[in-house]
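Shared chain: chain A. Partners: chain B in the first complex, chain C in the second.
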Partner chain A sequence: MAKEFAAGDRVRVREDFPPGHIRTPVYVRGKAGVVTRALGAFPNPEVLALGRDGLPKKALYEVRFRQKDLWPDYAGPASDTLDIDIYEHWLAKI
Partner chain B sequence: MPEHAHHEDAEHAHPHAPPAKDEKIHSYYQVLGLALKELLIEKGIVTPKEIREAIEFRDSITLALGAKIVARAWTDPAYKQRLLRNGTEAIKEFGLDMGALHLVVVENTPAVHNMIVCTLCSCYPRAVLGLPPSWYKSREYRARAVREPRVVLAEFGTQLPGNVEVRVHDSTADMRYLVLPMQPAGTEKMNEDELASLVGRDSMIGVSLPRRP
Partner chain C sequence: MRGPHDVGGLAAGPVDTEPHAMTFWEKQIDALNVLLAQKGFRKTDENRRYIEMLGDDAYNTLSYYERWTAALARQLIDKGVVTQDEIDARVAEIRNRLGADAA
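Here is the complex of A and B:
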């Protein structure tokens, strides 16, 4: 599977609330971050959860967010960050 | 009344709970799990012995394995490089296998402090640390570790200066994270076993720092 994103790419997480087993926590939906590494391709857990094979595989990326972008009232330093693993179909380049 | 007299006793002034009964109240999912297990056995897909052995193996994994890996990384720079590049491959040198999962080791430095959480459930590097502590699975830790990590760290007795970036890792997929803590100052002459004794479980989750000798 061709890698859609590369380390350093600015991305935004889709702001969407579909039903079912979703591995993208609500607190990052709609937020902007930076891809830090490509983690490989994995069966899609949203499809696996339905008892199917999860194919085609989805590329998984580690995405870094500034805490201040996730929580506007974050009380710690502006340099604090959060890394999270997000599947490609939840990400769009910005 | 003898019972009354007993309760008046200064050294024993609390009522006793009724003796614990050796019976469990099973939740819906526990009952479902038991039913599934019995069916798998009945249909000959697994044997009770295999289940027992799997549980025994799982329970034999303790944080000592993680501590050995950390101590090796502290004493062997080439191993540290392999561990940070590909944790899954590097722990095979200890005979450990991640199965279908991947191990990602994140290094604490003077500039960055890493901390692990799984907000969705309780993903944990079981292959190297064993079973997670109950607080790791609590809704409170899972919610607050991403929301106010420095407050949570302080509650664990870990105060970090503001110029250290706190980097929280939320494991949402097939990666399992292990923190490689910084080697405490003044331990340069210690051997691998001595160093491993300084590495507590919580320092590999990133809510504490290694002990000082």
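Here is the complex of A and C:
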């Protein structure tokens, strides 16, 4: 079932390292951020990568992270953020 | 498991941002790639998976279109479109035609 997230929800990215074609970069796995908007539902690229139809579609969300949460030695302003698109099955509400 | 493409945050050298003109064989691979998608033999995400499966050494040694070529060859073999023997025979034939310089 599709998980519903809304703008403002605090979420954590699954800390998992499965084989295959994964669109969730390693540097963001296990990190906490905030959903900024829902982008719609799309065929799952992890399934498309196996040559199949990618169904059921997965909801994609734009999630905002604080740069200093991603990089331990981040030297820029504490207000710097990074927005990245992440599929629902990689997110859990905090 | 971290694929060779997933380098965010790792130490890396400078990025070459100069545009490069495409060679004829690169255009051929590009065209073949489009044609195979139109015929339903491959999907973009599938291409990505095959490229990411090349392994660290090949991924970091091959050029962009060489990766495409290696990944497409593997896909077409896996799907039974061509065999490795057919590819080897064709490469030998082309090398023979072009002479020893191409070997």
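The criterion applied here is as follows: the second predicted complex is superposed on the first by the 91 of 94 C-alpha atoms of A that agree within 3 Å, B and C clash if a C-alpha of one lies under 4 Å from a C-alpha of the other, contacts with A are read in each partner's own complex, and residues count from 1 in each chain.
One rule holds in what follows: a contact is a pair of C-beta atoms (placed from the backbone, for glycine too) under 8 Å apart; a residue touches a chain by one contact, two chains touch by 3 or more.
In this text, all values refer to a predicted model and were calculated from it rather than measured experimentally.
S.K.: With both complexes superposed on chain A, which partner does A:F17 reach: first (chain B), second (chain C), both or neither?
M.R.: Second partner only.
S.K.: Let me test your reading of the model: by the given contact rule, A:L60 touches which partner, first (chain B), second (chain C), both or neither?
M.R.: Touch partner of A:L60: chain B, not chain C.
S.K.: Give one of first, second, both or neither to describe whether A:D85 is in contact with chain B, with chain C, with both, or with none.
M.R.: first
S.K.: Between chain B (first) and chain C (second), which does A:L50 come into contact with in this model arrangement: first, second, both, or neither?
M.R.: After superposition on chain A, A:L50 lies in contact with chain C alone.
S.K.: For A:L39, select first, second, both or neither according to whether it touches chain B, chain C, the two together, or no partner.
M.R.: Touch partner of A:L39: chain B, not chain C.
S.K.: Compare chain B and chain C by how many residues of chain A each one touches, and report the one with more.
M.R.: B
S.K.: Can you give me the overlap between the chain B contact set and the chain C contact set on chain A?
M.R.: Shared contact residues on chain A (touching chain B in one complex, chain C in the other): 25, 27, 45, 70-71.
S.K.: Under the stated contact criterion, what part of chain B meets chain A in this complex?
M.R.: 102, 119-120, 146-151, 162-163, 165-175
S.K.: Which residues of chain A touch chain B once you look at their complex with the stated criterion?
M.R.: Spelled out, the residues of chain A in touch with chain B are 23-25, 27, 39-40, 42, 45, 60, 62, 64, 67, 70-71, 74-77, 79-87.
S.K.: How about chain C: which of its residues touch chain A in the complex?
M.R.: 1-3, 6, 8-9, 42-46, 48-49, 52, 79
S.K.: Give every residue of chain A touching chain C within the complex, in rising order.
M.R.: For chain A paired with chain C, touching residues are 17-22, 25-27, 45-46, 48-51, 54, 70-71.
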